[in-house]
Amino acid sequence: MTLVSTLPGLLTLAALAAGLGGLLGWSAARGPRDSGSVAERIDALLPQTQCGRCTYARCKPYAQAIAAGEADINRCPPGGELTIRALADLLGRDPQPLAPEVGPAQPPQVAWIDEARCIGCARCIPACPVDAIVGAQKFTHTVIAAHCTGCELCLPPCPVDCIELRVVEAVDERLHRAA
Amino acid sequence: MASASAFPAGLRLPAHKSEALAPAIAIAPAPSQAIVSLDQGSGRAALPCVEAGERVRVGTAIGIDPETRNRVLHAPVAGVIRAVEPRVSATGTGHGLCVVIDNDGTGDRDPALEPIDDAERMPAPQWIECLANSGVVGLGGAAFPTAVKLAAALAREATHLVLNGAECEPWICCDDALMRARAPRILLGARLLLRASGAGHCTIAVEDDKPEAIAALKAAFSSQPDERITIRAVPAVYPAGAERQLLTTITGIEVPSGSVPSQSGLLCQNVGTAAAVADFAVTGEPCIRRIVTINGSGVVRPGNLDALIGTPIAELMAHCGGYRGTPERLIAGGPLTGRALPDDGIGLTKAMNCLVAASTLDLAPRGAEMPCIRCGNCANVCPAGLLPQQLQRSAQAGELEQAGAWGLLDCIECACCDYVCPSRIPLTQRFCEAKSALAAREERLRRAGDARWRFERHQARLQADAEAERRAFDEARRRARNDGAS
Amino acid sequence: MAELLLLALGASLVNHFAVTSLPGLRPVSGPGDRVEAAAAMGVAVLCVLPLASGIADIVARAVLAPLALGNLDTLVLMLLVATLATLADTLLEYARPRLHERLRAFAPLLATNCAVLGVGFVRIEQRPSLFESFGYGAIAAGVFAFVLVLFTALDERVDASDVPRAFRGAPIALVSAGLVALAFGGLGTR
Amino acid sequence: MRFETAAAPHVIAGFTVPRVMFQVLLALLPVSVAHVLVFGPGLLLQLAIACPTALACEAVALRWRGHAAGSFLRDGSVLVTAALLALCVTPLLPWWLTAAGVAAAVLLGKHAFGGLGQNAFNPAMVGYAALLVSCPAEMTRWPLPLVDGAHSWGDLATLTVHSFYAGTSAIVPPWDAYTGATALDSLRTGLGQRYTMGEILAQPQFGALGGAGFQWINVAALLGGAFLLARGIVRWHIPVAFLAGLLLPAAVAHGLDPGANAGPLFHAFSGATMLGACFIATDPVSAATSDRGRVVYGFCIGLLVFLIRRWGVYPDGVAFAVLLMNAAVPLIDRYTVPRIHGHPRH
């Protein structure tokens, strides 16, 4: 089996491979680009507290980081175990416990302003990412419990520290009785 | 477990009703102290509109609906309100707010109450407005405000009213006693409900194992015939009286999953509710009394009582000869869907159609739970056509979407599957917990959606402000340069 | 008959382990959809394999035979399988972007399945005519699709049960595959 | 006065799992009696080794899994598996093979998948198939039925004892006088050698309905099945669909070519047909779970049994057919979900 006798075989394979390769190149060029919908579907699973405890500014950047593969799925304390499991199911990964550096899982909580000590400086209103604080200059402020996500971002700007966080007991788990 | 062809699934159960139906309906004496719970069993508590120390008369409003501000709860006795405080609750597992009224024995009625003359010719919206403040609710066990249901039926032009006299669950026989004793009042109620809902015709459904009730209804009908009303017997299979199943047995229409009967042009009311509507029209008295069955081998003389709302259960039991020994369990409702009450000091609510002092003879305890062997007994008896074994597996594994796909929200919690399960799995309880978990998860997702929406508006507003500020700054600088130049 | 079934079972077992144990390949989103992913894979194989074996046969007859290079036909089949698998992948991305996004690394998996079935079944039959090689490809792909979906559904049920820790994952999949193979063994014809 | 509270419902009736299993064992009684009358005391010896082994394996497995052995041991599900396996294997099987088969059934067939209620495959069939594939010779050596008086019950007893102790007992019986192929086996070999149906059916192994001894066993199994049906332990869908799946094609094949195919009646009353239809296929854990699914499941098993008997290598395909359809159950369950009340009729 001299080298020369293998030549026709090699040439045939090379020709076939080149032809098929060209076909693939042409078809790949026309294929649709990868749509960014995975990030949106990840964002839909996050609790949207916009608290930044996952070291990303808000929930959407964290979702984009997960979609791009830069961030792991266990960095969201307000979401806790439920969010990690949902993300693991979505992305086909194994659920891991919460990352230690982002702190313990945080039960749902709501901010509450002690109206006696509030001086109406209105510094907390722009800090609230979901506009859950109502008030004006020199007027006592208050938190709309239904809108507050418990992100604790209104605590630092408050000069008199009159805001505290109260844990909301779980949504009414009473037995659900139909007719 | 043979079952009639008209109703493929379900169970044929021993009735245990004859003993309680023997005596006629007795009028229970007014309690010395009425404990009226603000949550009468529908899960929506009313707001109290009275405080401790106030004097009220029979029929004075003591509770209003938080949203519609209608007077939904009325004082059953005249006297001074001792307190409005949390007491052991009959619906939830903890405590609920109750209005406690000390009966001063005068029994004088609130002067504002007077009978509604020619209620049958009053226009429907006006009549529904009256009912909204009468406190009349569904007496079949759900205690859903009747006026709300009628308004929905009127708005959606319901065509068919079904009066539910099926009463398929063992031990409960308050509707049967009512039909035998007060059939004319039920027919009047039927005419009033037809008027209020604008429905074309009405069917009164009674199980075929209640011949006396059917005879009484037919006799009352012949004395005052009305071509819009028909009386029909349905197969005596539990749960023939479940709303969706009964509507399908009578009209053949299956109310689509996730929708209410009025969206399919149907309206289902309990015969007790019809009688309550008629009582309100005739006497003007709001819904402050109901017929309740006292049954079970743990009470001396089982029977049916016409009792005031708020009467402590202990007094009702005493009126029936007291307990025979100490009963195992006090159940509000029937053996399959009834709720075990922790204390007999709880006041009677509008949702309680039966109180059972169950001794060991009546109960058949569940025993040790074994793994599911997929025998399919539960699927054969499920009236909603579900596969409880698949539902139970996904609910236990915590896969709520999967459980939803298997029909979790179509489960009517009739407990037929529990009854026949050889592995004694608490299926109904597990489905209720899964529903609560599903509802909690939906609530979390809804809140997250709101928070994202508010956050995006917050970002947009900050950007717009910054934009406006920069534009204003540029404008000011250009004007300053022009002024400098000119 | 039993040989084809056992071959298809082997291929679906390989496919199953690739999908479940390599996190990169696990189909994205809920557990319930693994059967849907398997069905998609089965249909893809049903499209690619007959075409590949048919064309490979044409190439063998028209190009390789005159040049006395008959022994290269398996290599040609591999090339064709790889090409058609990639084409199928782009086609799926074009037709069903959502499904394609969930089935990660779809093309290589598809290529390996077709290769295993192609070499294992289509080649060993000495196919005299073109139509037969196309036919054998279709039969092999059809049986594979059915066995893959059947095995994925079975594995989904076994995974959901309370399997002892020692058996969880691959061991129980092997046990159930072994039992299915035992059953296929019984179907051997005289 | 205070009362204890408990979740609804407060009244539960009907059979518990142990009672269901013991009703099944009760239904197996007629089959066992017929088996002993026709094939000698072999079944008793098999049961004597199978049941204790099954209970021992279950106890060991439960302790490994950390469950309380008490309640599970008393549920009798393992006894049903052991009894079915003992009825399916030849009475002449050496004791250590039966013990190995039962161990495979209980440990591999049931507990590897998670214990009671989660085994995807019928444990008895797992054990039977494992034995049949690993030692076909011993598994196909059946004693000649005591129908034609050629040999007495005593002879069979000595033969069984000898074979049961795998040659270690002193008694040496004349092997070939009392053993022979089963009816299905000889049907296959006869057709293979181009005998006509008439000649085949004349051989001693063939009785009026089906296999000489086997017909009575099948009749007794049918009796047991009727008992279970009457008690509501088993629903009609699987047995009826199974028999339809087997007898319809058999009738058609017999009609087309009576020379090469046995009649439906023969198929119904020979081999393990009735035992399979009423006891093996109806094992609720490994069967399909909705009524529609059960009809499809039963029909396909019957069809596969016919295909294996007609063209397969093994004489009686009940074990393989059941295992195969157990593997297909998740797929069947997925596509035979009954319509929920209030959902559209698609």
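For the reader, a short list of remarks on this structure follows.
We call the chains A, B, C and D, going by the order they appear; numbering starts again at 1 in every chain.
FYI, contacts are C-beta pairs under 8 Å (C-beta built on N, C-alpha and C of every residue); 3 or more make two chains touch, one makes a residue touch a chain.
Keep in mind it's a predicted model, so treat the numbers as computed, not measured.
The chains that touch both chain A and chain D are B, C. Chain pairs C-D and B-D differ in how many C-beta pairs are in contact, and the one with more is B-D.
Relative to the centroid of every protein C-alpha atom shown, the closest chain centre, again from C-alpha atoms, is found for B.
Distance between chain C and chain D, defined via averaged C-alpha coordinates, is recorded as 34 Å. Averaged C-alpha coordinates give centres for chain B and chain C that are 56 Å from one another. Mean C-alpha positions place chain B and chain D at a centre distance of 51 Å. Separation between the centroids of chain A and chain B, computed from CA atoms only, is 41 Å.
Listed for chain B are residues 429, each touching two or more other chains. Of all residues in chain C, those that touch two or more other chains are 30-31.
Chain D has residues 115, 118 in contact with two or more other chains. Per the touch definition, chain C reaches chain A in the complex via residues 23, 26-31, 59, 63-64, 67, 69, 72, 75-76, 79-80, 82-83, 86-87, 90, 93-94, 97-98, 101, 104. Residue ranges of chain D in contact with chain B, taken from their complex: 1-17, 19-20, 71-72, 75, 77, 115-118, 232, 235, 284-285, 287, 289-291, 294, 333, 337-344. Residues of chain B touching chain D in their complex: 1, 170, 244-245, 248, 254-258, 314, 323, 326-331, 333, 335-344, 358, 362-368, 370-377, 379-380, 383-387, 389-390, 406-407, 410, 415, 418-424, 426, 428-429. Residue ranges on chain A touching chain C, taken from their complex, read 8-9, 12-13, 16-17, 20, 23-24, 27-28, 31-32, 34-35, 37-38, 89-94.
By the touch rule above, chain D contacts chain C in their complex via residues 64-65, 108, 111-115, 118, 120-121, 126, 129-130, 133, 192, 304, 307-308, 311-314, 317, 319-321, 323-324, 326-331, 334.
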